[in-house]
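For reference, chains read A, B, C and D in written order, and residue numbers begin at 1 within each chain.
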Amino acid sequence: MVFLDLALNALASGIALGCIYALVALGLAITFGLLHIPNVAHPALVIAGAYAVVLANMRGIDPILAALVLTLPFYAVGLAFYEFYARAFERRGRGNTLQSLTLFFGVSLIVEIALVVAFGTDLRSVSVPYVGRSFELGLIVLPYRFLVPALLAPAVILGLWLYMTRTHSGLAMRAVAHDERALSISGHDPVAIKRHAFGLATALAVLAGAALVIVGPVDPFAGRVHLGRVFAVVVLAGLGSIPGTLAAAIIIGVAEAFVTAFLSPSWAPGVAFAILLGTLALRPNGIFGTAR
Amino acid sequence: MNGLVVEGLRAGYGAVNVLHDVSITVGEGEFVALLGMNGNGKSTLLNAIMGFVKPSAGSIRLFWDGQSVPLAGQAPHRIVDLGIGYVPEGRRLVPNLTVEENLKLAARGRAKNDFAENLDFCFETFQILKERRRQLAGTMSGGQQQQLAIARALMTSPRIMVIDEPSVGLAPIVVDQMIATIKELQTKRRMTILMAEQSFFQAVEVASRAYVLAHGSIVHAIEHGLDAEAMETIRNAMMGVE
Amino acid sequence: MSWRNFLLVALLVAAAGMVLPRVLENPYYFFAGYVVLQYVVIATGWNILGGYAGYTNFGTSAFFGAGVYTAAFLIKAFEAPLLVQVLAAAGIGMLLGLVTGYLTLRIQGVYFAIATVALVVVLETVVHNSDYLGGASGLTTIAPPAPAWFAGPTQYVFCVMLVLALVAVGIARAIEHSWVGRSLRAIRASEPAAEACGVPTLRMKLAACAISGGVIAMAGAPYPYYASHVDPLSAFSLTIGLNALAMPLIGGTRSWIGPVLGAVLLASVQQITTVTISSEFNILAVGLMLIAFVVLAPEGILGLVAELRERVGRRRATT
Amino acid sequence: MSISRRELGKLAGGISIAMAAPAIWTSARAQNQPIKIGCTVSQTGALAGTKNSQIGYELWRDNLNAAGGLLGRKVELVIYDDQSSPAQVPGIYSKLIDVDKVDFLFTPYGANLTATMMPLAKQRDKVAIGILTLASNDKVKYDKFFQAAPWGPNGAEDWARGFFDLAQTQGVKKIAIAAADTEFSKTAAAGGKRVCEQAGIEVVSYDIYPPTLNDFSAILRNLRAKAPEAIFLCSYPPDSTAMVRGLTEIGLPASVRLFGGGMVGPQYASLMQTLGKNLNGIINFHLYVPEPTLKFPGIEGFLAEYEKAAKAANVDPLGFYIPPFCYAAGQIISEAVKATGSIDQKKVADWLHANPVETIVGKIRFNELGDWTERRVLMAQFQGVDDSGLDQFRKAGKQVILDPPAFKSGELVPFAKARS
């Protein structure tokens, strides 16, 4: 009975955690998975999003509502950011893995410091009515502060997936990773599509930020612990696969939760990455990726 | 008169100039073949028309409905939007999208309103695409992909179709069908077509006029009818450059 | 520079380094110098795989940390001398490089970079769960005293690092000028093409991983001696991974001199800003510097110099 | 490309002038040189939350200088950012000692950072005051190290002993221990386990979890079957928050009567404000709370000045946890220098070993390892906290001291009752 209790709850909280990881990784699934831009600044942007949500929440606005509204300015920031990136390399026809990684590292340092200067280094959190209460279903007890942001993930992913399969710009976004010329021939401006995709990814950062800050307080350097894991999720998913991102994130979340519950919490971080190493060695295209 | 006019075009890659003073015209309803062996500048000329290569001199203009629009210097997607449909060498489909998605992707700008009509026409012309509309483009055979590439160009409601080497990499029997279909487009749908081709037997069968490119220059312009004499000239010109 | 001149310069630098503690009394410069030299070794080691072969190692701190903990283990278990620590660390680093290379044989580009990140986390977790190595609390490593010839332990460990730097640069230069270097450059340009030209790409990649890993781990070996305390957060620090990328980028990745230049420049700037600006703006300065280099000099200082030369040459040709 | 020895000397000279400019500038005023105290503060990185320690130092310096300085000389602070990275520390402290020529040292915050500067301080023979570092001198055994924080002798084992003393008086037989995988927490947890073994309390579970773990429900659930009567938790701010929330979300086994002990986080204003009434009933360590039993001379004035400075610096507005002990660290030095009339390191250290020091955190006596002779880590229980914000914590009665007995300011309320 105890075993069943632990297993069911580990499964539930693992799925919830996985959903939240998926939200954090989603922007990267676009910038890295579709545009092949290794945006290591994404976790820092997520934390910036969390701080923006905290600011709005101080005026009494619900974090998720605030995040939805804030996606607009973040989208604009993403457009500007891409424009800078494109001017920095792409149109010059340069920009390899090393250069982009270094550039985005520089950006994430700047984002972190900007947050320190603006907000100080204390932990910040949001107040929502459902914090401290739990959803109960049989043996399963899941805190609302996990459940609510976790439910955000499938909703956002469904929306994104519909967008990617049903709309012109969504189709174009999926095409841009493979062949820019194919897009031009179809009458699309590849640069505009990429800029739009980057804007979208940045807008998703604020939703992820809201999810994180509902789960627990954040400080300006909180993005760093997510860096490895989000890349792990995107690679496990197979580059650019949006539903795959959710599935991969849940696999990692559940693996962590089970190791925490049945083995020892201290092995949890390593196990997820061991899965990643194993996958890379055996199935380099990710679990859900198609052959390239 | 409606048509595409290229005048005194010079273009190339970096410091290397490939095209020297090239002038061609394609009038509405014509089927113009661009002939020449590999490496003589056919693809460069088409790429220049489509905006993928920036000309260093000369002009490319589209005359349509009494307007004259300069194409040189425009981005490729603008040129497509202005009415030049393009079937590139190597087909350049989006392999991870389905047949239908590839077609839908191309219905942009002017062509958006004609989407249903264009799609019907494409499926009518290329039955196999209708059957395989849900299949990923990357998993289809070469011939089917070539059909999809042509259909995609049709989806942009082109005024002029520019087709680059449709026969490359296809089995001879497939090539014959392909050429026949392209000819059909011109006769039935009154499409204006500029087609580059190195296998000139194929081209001369269907084209109404032809240009022969050698070393980046137009060495022959066959203006009226491809009779035996003209064909002899072309043959000699093409052999000569080898 | 010919081999003869290179060896001459290397010997001179080594000699100067040995004499320096007698001339320069203030130990601080040896503390700062040690860090700069440590990064020369790291950047040089990184560049063997990252620069020549084009495989971006994002998890440099896995190798560095492996070196640090190998040395710390040897101090705790056997009080082994520094030379033994360095050799053992290099050995472990090579082994780790081989394993990494083997696990990632079929992946390239950013995939490879991410696999190396995973390696950092896995190793860090192992150390965290090892009571013998002190876990999160770390391990105090009071090393045996320095040989009497040196003015103090810092001067000693500085000179050791200087020798390691010369060895690392020597290895990098030897690789660059041999068929191995040519093979790696071919891999960087295009792996299938290299394979087609008869380059044994897989074996070359494994070799580059092993050598690169060995050199980086070597850079970690004297750290327990230098800091007297090791902990997983410092040994597997993100900063090391970041600097290992940034330094070759700033210097230029095509030649052994690039990472050396980049490491000396960036590490010095970091050392100086730490004790001058010394606030959050210090990190801001580093961030801006990285972006400025990527945007304005994407091929690093070497690229800038080459461009400048070309421009001067053109001007001469026209006048 | 060979460099002569003379040129090398010049080069080195040039570099040292460039890098030591402030030191040279001050030595120009040779007769009335300020007394310099050097340290690092974690302005950036994981420990950046502790940067309010700088306000403690600065208020001490300003008050001292306003009162005429020390031995008629001004007091100057030299502070650098260590970026929360132990690797930075040896170099910076060498700069402080060898280039800036500081007279005394404060250690960085915490044991991991301090561990890399202790051998250096010992080697250069500088008096160093420890800033909330636990057990830093146990290995090095440096006779000029003095601890500003009230861990007491044998701190590694005993600093949280108050919690276990309370457990014993409450008749607790089974205890569960959970700790974050960080140096401070693990030291505390290991010490707690040993104390339990001595006291005959059974440790029914002992969990070490990674500091990045977001979800603590599994740990709390695992505890249910074990039915502990007390839970000793050593956590860091983010996980402290998650755990406290877990109390209401998952719930504790009904058997639990004492909860808390070694949580870092509920000392910080931002978290106290966030958690509000969720804190009620938790018994946790603290170093200072505004209870009537702790009215040391100067502490209230200090906190008032701190509040103003904290607002400007955008740091923790309460400042109960670290800053008073940074101020006290300064006082330890200034009192010793005043008493001996000298900045001689040996004289100052000998005096400190022999005499008690009056500070704003009370009278401190040091033992031979430089630790306080008496442990004065407070175990305080949150009582009657509501969600009204920060001001309530400035009043007495919200964090009632239960241990040590000498400072007891109220009675323990059973966990369940305190939360209702």
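Convention: a residue touches a chain if its C-beta (ideal position, glycine included) is under 8 Å from a C-beta of that chain, and two chains touch if they have at least 3 such contacts.
Keep in mind it's a predicted model, so treat the numbers as computed, not measured.
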Review point. Which one of the chains is farthest from chain A, going by Cα centres?
Key: B
Exercise for review: Please indicate the chain closest to the centre of the assembly, with centres calculated from CA atoms only.
Suggested key: A
Point to revise | Mean-CA-position distance for chain C and chain B (Å) | key: 54
Revision key, fill the gap. For the pair chain A and chain D, the C-alpha centroid-to-centroid distance in angstrom is 36
Point to revise | Between chain D and chain B, distance of the C-alpha-averaged centres to the nearest whole Å | key: 76
Practice item. Could you list the positions in chain D whose residues touch two or more of the other chains? Key: 44, 46, 181, 208, 210
Check your understanding: Among the residues of chain A, which ones contact at least 2 other chains?
Key -> 113, 116, 264, 266, 269
Study note, to complete from the structure: Residue ranges of chain C touching at least 2 other chains are 125, 128, 280, 283
Check your understanding: Which chain pairs here would you call touching?
Key -> A-B, A-C, A-D, C-D
Point to revise | Residues of chain B that touch chain A when the two form their complex | key: 50-52, 75-78, 80-81, 86, 88, 92-97, 101-102, 104-109, 111, 152-153, 155-156
Point to revise | In the complex, chain D residues that touch chain A | key: 44-46, 48-49, 51, 181, 207-210, 212-215, 217-219, 221-222, 224-225, 237-238, 241-242, 245-246, 248-251, 265, 268-271, 274, 278, 313-316
Check your understanding: Any idea which chain C residues touch chain A in the complex?
Key -> 50, 54, 56, 58, 103-107, 109-111, 113-115, 117-122, 124-126, 128-129, 238, 242, 245-246, 248-249, 253, 280-281, 283-284, 286-291, 293-295, 298
Practice item. Could you pull out which chain D residues touch chain C in their complex? Key: 1-3, 5, 8-9, 12, 15-16, 19, 43-44, 46, 79-81, 83, 85-92, 94-95, 97-99, 111-112, 115-116, 118-119, 123, 139-140, 181-183, 186-187, 208, 210
Check your understanding: Can you list the chain A residues touching chain B in their complex?
Key -> 165, 168, 171-172, 174-175, 178-179, 181-190, 290
